[in-house]
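Got some structures for you, see below.
Look for chain A in each of the two complexes below; its partner is chain B in the first and chain C in the second.
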Partner chain A sequence: MTLYLLKRLGSAIPILIGVSIVVFITIKIIPGDPVASLLGPTSSPQARAELTARLGLDQPLPIQYLSWGAHLFQGDLGDSIAKHVPVLSLVLDAFGNTLVLATFAAVVAFVLGILLGGVSALRRGRVSAAISNAISLFSISVPQYSIGLLLIIYLATGAGLFPTAGMYDPINGGGWGDLFLHLVLPGVTAALVPAGIIARMFRSCVIDVMSMDFIDAMRSRGLSELRILKHAFHNTLPTLMTIAGLQLGYLLGGVIFVETVFSWPGLGLLVYQSITQRDLPVIQAGVIVSALAFVVINVVVDVLQAAIDPRVRA
Partner chain B sequence: MTAIALPAVRTKRRRSRRLPVSARIAAGVIGLVVVAVLLAPVLAPHNPTQGQLGERLAGIGTAGHLLGTDGQGRDILSRLLYGGRLSLLSGLIPVLVAAVIGTLLGLLAGLGNRFTNGAVMRTLDVFYAFPAVLLAIAIAAALGSGASNAIVALSVILIPPIARIAETETARLRGADFMEAARASGARTSSIAIRQVLPNIAPAIVVYCTALIGLCIVYSAGLSYLGLGIAPPAPEWGVMISDLQQYTFTKPELLLMPALAILVASVAFNVLGDGLGSYFNVRQEVR
Partner chain C sequence: MSQTVQEIPARVASAEALRVDDLAVSFAVHGGQVHAVRSVSFHVRAGQTLVLLGESGSGKSVTARAIMRLHGRRAKVTGRVELSGREVLALSDPDVRALRGSRIALVPQDPTAALDPLRRVGAQITEVLLLHRAAPDKKAAQARTRELLRAVGIPDPERAYRSFPHEMSGGMRQRVVIAMGISCDPDVIIADEPTTALDVTVQAQILDLFAELQGRLNTALLMVTHDVHVAADVADLVAVMYAGRIVETGPAADVLKTPRHPYTQALLDALPTPQTARGELHAIAGSPPVAGQEFPGCAFADRCTHALDTCRTAEPRLVEVAPGRRAACPVLNPTEAP
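Take a look at the complex of A and B:
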């Protein structure tokens, strides 16, 4: 088990190096000369050459990458252009809030997805299955920004049930109850797409398991349908765990639209504000942090899976 | 000597006979939308970019403005019709670009030696470590706003999943008899790829790409909504949502129009993809 853990951690390293290369490339494709834009159009060629040398921009690209990578490794992601503070602290604060929203949405998506997928797998050919198929297809197709706005229109302002924006009430907010009320609308909006994906994956997984021989064997021995379902469910758990990990990772990076619509103070909203201010260091740091989180989640899922299923370890 | 009519040899997947009804309805809806946006100059009652400030924020069903007007008095129906051109195109083009590049990469990895396969697939793994939307946003933000930059960004994030499907499907064919036969007859790898492999992996790729168009319409409108794609005042569905968002609390029904347009287009492509999947008997790859 320790060996597997080490191997799995080892395999994440080349991925992380690849991630840093891709982000470095996105910095290099920014059109325009960064030195000219820092010094202004009237600067002398000599001043430009000096700054180019000071920023290390006269070095070959691989050298530039290595020195950038060394800073990255030490947690130095540069300063925000608009806010003049280190990017990392900005991004980490926001990431915590995103984690709260993404976890809540993942739980909602998981429950909804298992219900929809289970119904459509076990009631095949009936109306209830057709309805849950339609719901899951619909939910993977929705544009989150517009569904979010519709929920604001009808449930928040129309019915006055939930707050429309933010994480806590600004006047006498705080506490778990207030947080929960603020979570409901963005959480449900963010959960729709992953719920549909989980439903469709879970459906095909249940159909596979239910067509295995051991199900027939149990049925011929006269076990009740409920007992059979319990055994079948155990066999879907490894797949479910993989899906759950993938979707949580997807949510961490995918809630940008939801956070923008509901003004949730997370990474997505931060990235959105940085887009309008062209604050690229913040955008890059946001991408790096969520890619890192995604890789970590995948490692954790694989290790957990190896812990419950010895076949994976081999 | 009489010619003997030999039955055509088919190694293809067994096909269910007909496209499901839901998929045909979806195809019909897509057809209608395409015709409507192509005929925008004929169908649109007003200029999509010039509004009359005296008629701003007219409600739905106002005489002369069937779907109302926006904050600058521009006719929403006309903007939807013209905007559909940009929205559909920016959903379609990235998928086409990614399909060509992704299929080539998948063939290369699937037919290449261990080293080639490893190089291509491990590189793609790196892209799987990014949340796709966020990577598209980072690329589009770096390149600067504009329709073509959004298309580049979306193409990049769509290549890895398509390449992975092409590779899986190609690898599945590797041991097939007709591949051995082609190789034994001295066919070059490039000709095997085009004549033997491509026709066999095409259904899976077409099915997946059809559903991707729906996703891509949502993403590209999303980029415009965030201010990264097509820039205002051009009519585009994502731009319209971002324009009308400020009237969420006063005129919510106006906001519904572009939102519904995106939803209908995206659902239609997803339903069509599902239907094509069961028609070609391709196991649906859920993204």
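Take a look at the complex of A and C:
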């Protein structure tokens, strides 16, 4: 198990290097000469050449990448062009807020997805299964921004049950209760698509497992249906965790629409604002942090999978 | 006989462990009912082995599963199944569950698929023991599990106990499943093609194990197989099934030596022997019936070399053709009186 863990962690390194190369190349591909934009259109060719040399932009690309990578490795992601503060602290703060929202949404999505998928698989051919299917299909298909706006209109401004935006109340906010109230609407909105996906995948997984021979063999040994369901659920966990990991990774990437609609100060909103302000260093950092979160989640999922399924460890 | 049941020990050598009377199984499909098994009757005594012999689709596995009431709601099962004096088809679901695995056990065809891949072998056996209260507590159940693993000839029971199914060979897994089957000392063991998934060399070991365990535990064994060699090896009694019915039954030695039904004959003729020359295998002409196919007369008539015109119109009944032997072929077994 320890060996498997080390192997799995080792295999994440080349992925991270790959991500950094892609991000680096993206910067290079994006049109526009950074030197020209820094010095302005009237600068002399001599001044431009000087700055080019000072920024290291006359070096071959691999050398530029290594120097950029070395800074990245030390957590130096440069300064934000629009806000004039270090990118790292900006992105980390936003990521922390996204983590709160994503975790809440993930819990909602898992509970809802497992319930809907389970009912739909185990009550096949009945009305309850048809209703579950309809709900999961609906939650996948409806655009997040429209659901978000509807929730704001009816539950926030209309019924006044929840705040319309933000993470804490600016006047006498703070504390867990206030955070929870602010979380409900964006959390539910962000959870809908993952819940639908989890429901549909979990449904087919439960059907697969329930049709396996060992389920029937358990029946022939006199196990009750409840106990059989328990063992069947255990057997769906490896698949369930893979789906869940993907969905959580997607949520952590910053749910751009949801964070924008609800003004949630997370990574999605930050990246959205940075795109409109052409704040390239922040966009880069956002992409790198999302990718990193995705890789970390996948490693965690693989390790959990190995803990559950002995065949993966072998 | 049945009045003195309380005075005699639970399992006497000659006691009837399993009696099946006029069993019929049909499944609801889109177009109506498909009859998979009809008028199947047999009985097995403690210590006896009955082999249900037949091709795939003949209804032998359907019969075995119907005895344990393992068919779901889509199946309609009629007739009588008496397990050590209890009428199985009339019991409530919880009562049937209490019998499964304790009074009647199933050794399935594919031991690999029959084990939970995520749990250790020992835990899976222990679960059955605790479920049926065959052990007073967890500790006793674990000790008994190790004993059982040793009893089925697993060389390192301690290691097997802690192994996951995928870490064992097919033969070892089959032994594990057998250990699970005998764990609660059942009156009847149903073995559904228990050697089909195994190598030939391991097959013989598993059959020997069945024989040894049966001798020791005095259990009734109902074995389902398509393999005439297996039948010849283990059976006291044989019931040959074709198209959902028993076409011939009797002591294995007699039935397999002097068959009284054309299908049994054809089945035996189809066996290759070391003398069979290349290309000279006697396949049975035609194809076996699809499960549930209906026939006005004898289901085998179209493939039968003895068939008369009357075979295709009148359904042959299973009649006694010799003491303890019954066959459903009036052509090979003409009655003296018309």
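List of remarks:
Definition applied: the second predicted complex is superposed on the first by the 309 of 314 C-alpha atoms of A that agree within 3 Å, B and C clash if a C-alpha of one lies under 4 Å from a C-alpha of the other, contacts with A are read in each partner's own complex, and residues count from 1 in each chain.
Quick note on the criterion: contacts are C-beta pairs under 8 Å (C-beta built on N, C-alpha and C of every residue); 3 or more make two chains touch, one makes a residue touch a chain.
These numbers were taken from a predicted model, which means no experiment stands behind them.
After superposition onto chain A, partners chain B and chain C are found to sit side by side with no clash.
Legend: residue contacts after superposition of the two complexes on their common chain; A:Val111 is shown touching neither chain B nor chain C.
Put simply, more of the residues of chain A are touched by B, taking chain B and chain C as the two choices. In the superposed pair of complexes, A:Val142 makes contact with chain B only, with no contact to chain C.
Our angle of interest has its tip at the CA centre of chain A and reaches the CA centres of chain B and chain C; in the overlay it is 80°, to the nearest 10. In the superposition on chain A, contact of A:Val23 is made with chain B only, not with chain C.
Judged by the touch definition given at the top, the superposed model places A:Leu9 against neither chain B nor chain C.
In the superposition on chain A, A:Ala49 makes contact with neither chain B nor chain C. For the overlaid pair of complexes, the smallest distance between C-alpha atoms of chain B and those of chain C rounds to 15 Å. Judged by the document's definition of touching, no chain A residue lies at the interface with chain B and also at the interface with chain C. On the chain A side of its complex with chain C, the touching residues are 212-214, 216-224, 231, 234-235, 308-311, 314. On chain C, the positions that touch chain A within their shared complex are 68, 70, 97-102, 105-106, 108, 110, 113-119, 127-128, 131-132, 164, 166-167, 177, 180. By the touch criterion stated above, chain A contacts chain B in their complex at residues 14-16, 18-19, 21-23, 26-27, 29-31, 137-138, 140-147, 149-150, 152-153, 157, 197, 200-201, 204, 249-250, 252-254, 256-257, 260, 271-272, 274-276, 278, 280, 283-284, 286-287, 290-291, 294-295, 298. Those residues of chain B whose C-beta lies close enough to touch chain A in the complex are 122-123, 125-127, 129-135, 137-139, 141-144, 214, 218, 221-222, 225-228, 241, 245, 248-249, 252, 255-256, 258-260, 262-263, 266-267, 269-271, 274, 283-284, 286-287.
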